[in-house]
Each structure stands twice: as C-alpha cells, then as structure tokens.
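Structures given as structure tokens follow.
In the two complexes that follow, chain A is the common piece, with chain B as its partner first and chain C second.
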Partner chain A sequence: MPLLKLALRNLFGAGLRTGLNVFVLSVSFVIIIGCQGLYKGMSEQMLRAVTASYYGGGQYWHTGYDPFDTLTLDDAHGRLPDALQEMAGAGLAVPALKRQATLYTQNRVINITLNGIKTDQTIIDIPTVKLRGGGRAIPAIIGDAMAKSAGLKKGGTAVLRWRDARGTYDADEIEIVETLNTNVNAIDQGQVWIPLDRLQKMTNLHGEATLVITAVDSARPRLDPSAEKDWQFKDQYFLTADERSMMTAQYIEGGVLYAVFLFLAMLGIFDTQILAIYHRIKEMGTMLALGITKANLIWIFTLEGTLYAVLAAVLAFIYGTPLLIWFARVGFALGDSYAQLGLTLGSVLYPIYTPSIVLGTAAFIIALTALISYLPCRRIAKLTPTDALRGKIV
Partner chain B sequence: MKKIILLLSLLTFWLSAESAENILRKIDANRLSDGKIAVMTMTIRGRRGDRTISARVWQRNSKDSFTEYLSPAREKGTKMLKLGDQLWTYSPDTDRTILISGHLLRQSVLGSDMSYEDMLEDPYLLNTYTASLIGEEILRERPVWALDLTAKTADTAYARRKLWVDKERYIALKEELYAQSGRLLKLLEVSAVMQVNKRWLAKTMTYKDALKDGDGTLVNIESLEFNDQLPEHLFSKAALRK
Partner chain C sequence: MGEKIIELKNLSKSYPMGVAALKALNNVTLSFAAGEFAGLIGPSGSGKTTLLNIIGSLDLPTSGSAKVLGQKIEKLSPKQAAALRNFAIGFIFQTFNLLPVYTVYENIEFPLLLQPQLKPARRQAMVRQALEWVGLADRAGSRPKQLSGGQCQRVAIARAIVKNPRLVLADEPTANLDAQNSASIMEIMKKLNKELNTTFIFSTHDEKVIKHLRRKIRLADGRVASDESIPRCRC
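Showing the complex of A and B:
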C-alpha cells in the first residue's frame, strides 16, 4: 500500500506529462472498444440478416445441390421425404426449387437462378405472399441490387426463358410484383423468386425441391435412411461459414488498427518510463541508500507506468461511456461501397458492446502497459546506490 | 359418297404427311455431310456498331466440329471444339481450354445471337421432328412449302419449328423455333444460297434471338468444300493448343 501511494504521488507529481499519457491511452481505450463493438455489431447484423432472409434454422439440401457449382443445379432436385413434407405442412419448413434460366430485359440477356418458393411461407423474410394471384405473367420478386443491375422495377416486365426437366425450352413473361430491400446477396444478385407450384409446373418437376429451409429453433425430424442419403441437413454454423470467415478477415484488418493505436500509446509510456529512470536516478540512489530493496524500486516504477493505464481506463469510462452509448444509438452509416463489397449489412451499422469486449480490452491494455512499463525498469536492478547518488546509470 | 370423301381426305392427309417427311429427309441429305470445310464470316450487329468475325470450320459427321477464328486480331487464334454434345473453347490470351457447360452454354457465342447450346442441337431434323405440310407459299420469289414440325420426344430443345422450304432446292429459306408455350424464340432467314457439288446450301443467313431486340447476327459462308477425309487429330482437345 505505501508503494501504491508513493507511485500515485509520483504520477500526479509529473503533472502535464501524466495527463497527456493518460489522455492518449484513454483515446486508445475508447477507439478499440468502439471498433470491437462495431465488428461485433457487424457480425451479429450479418448473421441475423442471412438467417432471417435465407438460412432459417438450417437447410436440408438435396444431395446434388452445390451452391458453388451452378453446372449441377439443374440436376439437384428430388421429391421431399414424408418427414420434411409434414414439417412443411406444419409451417416449420419451406421447400424451394432452384433452376437455371435466362432473363431478357432491356435488350440484355442475364443468366439467373430461378427460385420457386411457397407463397404462404413465413419462415424467411421474403414477402412471398405478394406472389399470389397476379395476371397472366408469372409474378416474380427480385432484390433491389438485382433490380438495379437488370434495369427492372416494381410493375416492370421481362421475358424469362428456361428449360424444363427434359431440356425443352420454354419462355414466358414475368412481372415484378415486388423488389426486396435486402442486403443478403444469396437472395438478391442473380436471383428471381416465383411461386413454387408455378415453377414445378413450368419445369415438370411436380412435388420436387432443391432445398428445404427450416424455421429457427424447429426440431429436426427423423428421416429414414434412404431419405437421409438424398437430403442432408446443413446447420446454421455450416451455412454461415462464409459470413464468419468474412468477419474473421475484418477482425484481422481491425487488429492492424488496434496495433497502431496501441503502439502509439505504448511508445508514449515507454518513453516516459525511460525518461523517468534517467531523470530520477538520484532519487533512486537516495531510496536505495535509505534501505529500499531493488525489487521494491522496480515495483514502484512498474506500478507508476501501469497506473497510467488504470487512470486512462477511468478517464475513458468518464467520457467514453456516453460517447459509445450515443454511437450505439445512431450507428455508423455505411456508404454504397459496402453494398458493392457484397457484405450483408444494412445502410447503418449498430455497434454492440459486451462486457467481454469492455473488460477484455481494459485487461489487455493494462497488462500490456504493465509489461511495457516493466521493461525499462530492469536497468534498476543493475544500479548501485553510490553510482545512483552520483547520477550514474549503467 | 361420304365414305369416299372421308377416304380421299385420309389419303390426302397420309400423302401430305409422307411428303413432309420426305421433304425433311431431303433437307437433311442436302445440308448435312460426312465432312466439310467452310470459311465464314459472322457479323454481329450491336448498338455500338457492327463487328465482323471470320472463322474456318471443319465439320465431321454433322456432330463434331473444329472452329478456328481468323479475325479480328482480338479473336484470332480462339478455337472451339465440339465433340457430340460437349464443347470446349481455347483462348490464346489465357492459354486455357474451357469446357462449356451448365450456365456457360446459355452465353452467347462472341456476343452473337447464337448461344453455345444452339450449337449442340441435333442437326438431323428427321430424327427429332414429325413434320406436317401446312401450306405452299412464295418466299423471296421462290415457291416454298411451309412445314410445321412437332418434336417426337419431350426431351427436344425446341418443341416446335416452322420451316419454309424451297420446293426445288430443298433448302429451308426461313426457320422459326418455338418454345413449348408457343413463343417464338429463334428466327433464321436465308437471304442468299449457293450450289456446291450439286447441293443447294445457305450462303448468307440471319440468325436472330427473337426475345432480344436488334437485327440479329448475319452469317456469310465465304467458301465451302466437302471433304470426307478430314484428319482425325483435328477433332481432339490437343488440337486446340496447336
């Protein structure tokens, strides 16, 4: 306790130098916690959006389905096993049929994936109820990015050409009954959503589907062995692998930013410690002559350095708390460039601060400061009281 | 009397069906051969002007073909190999051979109105379609039969075709390809013909994707010779890199 008092007295005695160090370190605290909250918010937002819009509580894929291989898409379909049909009947799952097709719009030819989905489903966020009824044209929903790239808008029409299950061409007009305001690329770019029964009829694939999207938290039904061979369950963890790896990449990018901020702050503390040791060499000699042990002396100086981080944490708490709460409310507006990057984010990113982020960041910075403070203090161990009193340092 | 009229109508119908089939057989015999070499140009009419591509094509058994693009400089050296229902392209810029399959088949060939999958259709009309004679007309001052072709099996790419066939030369001067719903998908019009080895063949034709606006792609056969002895090595993937 006397050592702590002494360290604090020395710290406050340094005046402006301490103030500047503490302030710079507190800015690092706030920025790092702010950025971590932003990444956490980004991750949560992305996973929430893809789950609500497409992945649901997991999906059953027909064994031939590979979302990264469009070449196999036309062969990836099959009849739903009884258990999945029951699930769909109870509103706990929705089957979707995927086929390749060509869209003719504004004298352009666009290769698309045609998605058939039940119009009465409520499992994913696509307003499929709007696909009901309509005129002679096939009612279709597209995402806003798809609408932009195809030059289509609500009420617009285009010609769709597809091949049925046996390979015969067919073509008909589609009418865009709704454009989705979505950030989920999997349901937007190159995707056209039409009623499932209509697509099944168009392609002669009655009662067949490519995948089945289950409701969040729904229990997995028991499939018989033959059905299990044809339909494989992909859980949320598997389905969100791309989003998670994207977030990991973002975290790594963010880590570089933290490293820069921390480096600057630590450089300040390191310099301060070095200066303190050189300037206060006679003080050290006096203390050693009066009987303080070298270990205690190292402890005082290390404590002084570490206390910068503690004071910075207190200062950051004082001005950072209202600032970060305000930031969490207004969010961080993303430009169009983010949408073009293919990140499943909204126009505004809302940070999320968890106790682990705040306490973890504080603990990490304090520990790092303690280490940086200790390094220059090792010289003290080589001091002899007589040399120190004469102002000599080894 | 009624029975005689009915019999005569049935006989006329049977004769016309027979005759339509014969017409198809003669069209197939006229245009298809065991081997031929052609130099052709393809003019792609776009919004930013026309683009002409020339190519030399070796065709064997009506199912295999090897195409080498000769001009313009950007396309020169690009090669395409079709063996049955498989298609590869080779680009000298990337020095890579790509198997055209899946969605790539629906891409247009060098920006033309022709897609890669159009090239994979069975060329034998008689194998694929049941023909019926629906009329006789004059088309570009030539007397023609109008034929309505219905696919024999459900796995035919175009469920229906209409052909206008020159009565003397057994060459289709106009062809319309329809979707199952009856929507016109492709249109082929021959504007000039040529005679090679006593066969009448299309010299200049326009191939148009009817779902797109525009004037279609103009194909002109500069030269054509029949040759049943085309070298075997030409129809291999190794030939693409040579």
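Showing the complex of A and C:
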C-alpha cells in the first residue's frame, strides 16, 4: 500500500500548516547544529590554545611534580636524562624549572610559581626570546591577567623572593619585559617566566628541571629504566583533562539551551500530531470506514510527522549551509565574560561543523520526531471506527 | 428478488450508560437482497445508525448474528473487517466526511489506494468514471472547501461507488442538503442502483429520501416496527 504517497498527500495537502511547521523545525535544525558547532569550535580552540601555549605534544614530569601541590614543588626537580637532553638539544623539547616564589609589588605580596624556560625555545607560544639580555634586573614575562592582578605592566619592576636548593632565601628585582596576551590560565595567573639558566643559577639547580615540554608530533625517546622511574610522560589527553572537564561542564550547561531549542522544534511537530488526534479524529474515522487498517493509519500519521523533519532537514540544508559556512568564517565575537569564566578562548570563537555534528543532529531530530509522531498516533489504535467517526476521543 | 447479501438474526446492541445499559437495537431480524434500494426509517435514537454501523462492520453486535456478503461480522478480526469495508462496502455520511487536505480526485482515489493490486492506470480510469457518474469531472482538482454541500455529497457518492462495491450504506445522506440537491443526489443513487445493481441501504427520516425508497423498514426503540416493499418498476 502506498503509505508514503498518502502521508505525502496529507503533508502537502495541508499547505500553510506544513510550511510553517517545516520552517520552524528547519530554524531549530540550524540553531541546534549552529550551537553544536560553537561548542565543538570552543572545545577545539581551547585544546589548541593550551597545547600551543603550554602542553605541546605532551610533557615529561619529574616524578615529584604535582601541579596541584605547591608545598612539594620545590622538591620536584632533577637532572634531565640523556635522551631528553638530546631531544632538547635538537629543538624537539624544552625543559622548564618550576619554583615557589613571592612577588612584592604595589604594596602587595603575591605567591607565584617561578618558571625558568630556555630563551631560544620555539615549542610553546611564549615569546621567551624577549628574556634575552636585559639589564641588572631579572627579565620576566607575565600574562595579562597576572599583570592586571599584580598591578604590573611592561617595563615595570617588582621584588622577587625565592629559596635556593638548600632553602636559603634570596631576593632580587625583576623587570617585566613583556606581557602575554593569552587566555591560557596555566601560563598566566600566578606564573612568572624567566630564563632557565638564570633560575638554575639562582637556585643552585644547574642542569635540572621540573618538566620537559615536547614538540607536537615529536617521537617519544626511549628512556633508560632509571630515568623512566624519575621522569614520566604525560600525554596531551592527560594534560588537557581539566580543560576537557571544563568543556564538559559547559557542554552540560549548553545542553539546557540545546534542550530548549529541541523542545521548540518538537513543539511544532508534537502540536501538529496531538492536534491531529483531536482535530483530525473524524478524518481518521473516515479512513477507517473506507477500509484502512489501524496499523496502516498509525504508519501514515507517523510517516507524516517524520516527513516534517525530513523536509525541515532539506530546507535547513538549503539556507543553513551558506549561513553556517559564513558563521564559521566570521566567527562569534566573545566578550570578557568567557575569559573571566576561565575558558581558554580567543576573542573570536570559530564554530566547527563536523559531519558527525550535522548528520548526528539531523538523525537525532528525525528519530525524535518519528517517536513523538508515533506516540499520539498510538492512541488512534484504541478507537473504534464508530467513535472516531463521531469525533470522540478515548 | 436477488441473492440475500445481508442476514441479520436476533441482533441486539447495548451501550453501557453508567450502571444501566442503553439498548440501541433489540432483537432485530432482517435480510436484504442484492440490488435493493432500502431505507431504515425512524426518529433519532431508533437505532438506524447503529444498525447501519453493524452492517458496515464498523461496530459489533452485543448479541445475535450479522452475516454480510457471506461474512459473519461478529467473527471478523479488525483487519478482515477493514478488508470487507475496503473491497465490498461503500459509505456515504451525513456530513460528507471528505478528507479536507485532499482534492476531489484524491478523495475518490483513496479507497482504491488501499487495494494494492490495482494498477495506477486502472485506478485512474475508475476515478474518472466515478467522476463522470456524479458529474464532477471538471472539479477533480478542487478541494472540499471549494465545493458546495451538494457537490461534496456527490464526491462522497463517487468515493463510495468508485470501487464498485456490492453494498452502499448511506447515513442520512441528504440531511445537510437543500431540496434541489437532495433530489439530484437521490437521482444519482437511483441511477447507480439501476445500472450497477449496487445495493443501497439508507438511514433516514427525510421524506425527500423516503419517497424514493423501494423498501421502507421502520425502526422504533431499536425494534423493527414495519417492513414494507414496493415492487421494482419494470417500465
């Protein structure tokens, strides 16, 4: 039986009602895919930024290093194994020494992490070349957020106090040679970057480091067993765990928005299908009287609802594709609020639409539409033809 | 007299009304032969529509038996009942019951689409012929809302007879029509009855219909009060 033909007749015969439902649903398609693309873009942009600015292709951590434990930070250092030294020499890795320190500036005392990094490195996006030379003061780079909270700016000075390897306090003046315009918190808030050799000298930790940042896509060297015990490799997946969990939290929040749009999209179809039960019940009774089976009747109305979503997907494809492509090129300007939320994003967010987002969202909406079309139609099965002809609902 | 196509024996139908039951049909025994032009006559609540619904396999009797075109209605599964309605019985309703989003052509074609063995060309020919019978060939592309009441009922007649059913059940077919349209509709049905030998059973209390009937079965309180036949004119 040409159920599809009958469903299409119902659909196209309804004219304006179909047009409006399809249009509303297509708008929801575009908005939902647009939002999904924004989250995907946000996630990719965030991971790209932290990878380029700090995590590189992964890091070797000294076994004593725990980024969440500042009390043991001063004990987390060791000499680089030969393999990592070779890697650093070849420009495929950069060692960094981390120490606890205190900054005295603008009548404030700020606990910071002092990062020593090689000035000629090109592995992460910190302009360490600016740390070369300088006057008597220790050249330092800080992030914008750190500069703001410490009341410092480029060319400004502050007093730095630290402890050397034996625990002896020492202090000196630092000069801010550059402020970083970055959204990566890990290199900004509470972080001061100075030349590695200078920090090693200040702390009597010659040739030692806390971690080694490797270049993206660099091959992992084979460490000898004793070195492997002291230096553990942390891959990008491990390093970006916080960012990913933050994105998950954002995604869940975004899920509410997603649900609202989805609800609006479904409302049109659900409304049509529910109203069909009440307003088209006589129509269904007539169809039953003309000899259609209940199963086929349910199929026709379920197909009709599903076809709304299919037509909406086609319409959304027609006007949504150029719109979303344009949106992906121009991007979405972000205010300061996102930076304040701790999200590592640039000033413009570029959405990313993958086939899985587009096809997955379309398939999900079509399946959901089929379901919500089917459920009210099931009620028809409870009607006797005479009740349906009288327009009586069960 | 043709072969008996409907045999109703001791047919009763009750509807629950709170704790009591409303008896719509009470021990009705009737039979109809092929080619009859008969009417169930009576006031509202006399059981006309209930009887028509049972004959049309839209409803089931509470007791008794109804044999229609060789099939016992009370024994049919919903699917078998649907097939009986689709292949052998045509319905005409008081309020026309046209499918509002379909064109005249599509409304008439609908029952044929439920018969998968029909080829599109044959289907098209049958619809065209039905349109000719009711004189609406020029309105095939119109939608029901663009038609007058009389035209709507003519579409409903075309839809009922397009599949060449052996039986057409018409429930108050002229109730929503003026005298002129009623007469026109009745003439069409009389012509189809004569030319196609289709059995017509009406439910009506409209004198404009009653005067055309060759058999008048009066119902009162769910019982057959009288059953009077007029011999077919051989002129």
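Quick note on the criterion: the second predicted complex is superposed on the first by the 372 of 394 C-alpha atoms of A that agree within 3 Å, B and C clash if a C-alpha of one lies under 4 Å from a C-alpha of the other, contacts with A are read in each partner's own complex, and residues count from 1 in each chain.
In the analysis below, contacts are C-beta pairs under 8 Å (C-beta built on N, C-alpha and C of every residue); 3 or more make two chains touch, one makes a residue touch a chain.
Predicted model, so just to flag it, every value in this text is computed and none were measured.
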item	value
Chain B versus chain C as contact partner of A:K229, first or second or both or neither	neither
Chain B versus chain C as contact partner of A:K294, first or second or both or neither	second
First (chain B), second (chain C), both or neither touched by A:R161	first
Touching partner for A:R9 - first (chain B), second (chain C), both, neither	second
Contacts of A:K201 with chain B and chain C, given as first, second, both or neither	neither
Chain B versus chain C as contact partner of A:P385, first or second or both or neither	second
First (chain B), second (chain C), both or neither touched by A:D172	first
Contacts on chain A seen with chain B and repeated with chain C across the two complexes	none
Residues on chain B engaged by chain A in the complex (per definition of touch)	47, 101-103, 106-108, 151, 154-159, 179-181, 183, 185, 209, 211-214
Residues of chain A that touch chain B when the two form their complex	69-74, 100, 102, 104, 107, 109, 111, 159, 161, 163-164, 166-172
Of chain C, residues touching chain A in the complex	53, 56, 58-59, 78-79, 82-87, 91, 93, 97-103, 106, 110-111, 113-114, 116, 143, 159
Touching residues on chain A, where the partner in the complex is chain C	1-2, 5-6, 9-10, 13-15, 282-283, 285-294, 296, 384-386, 389
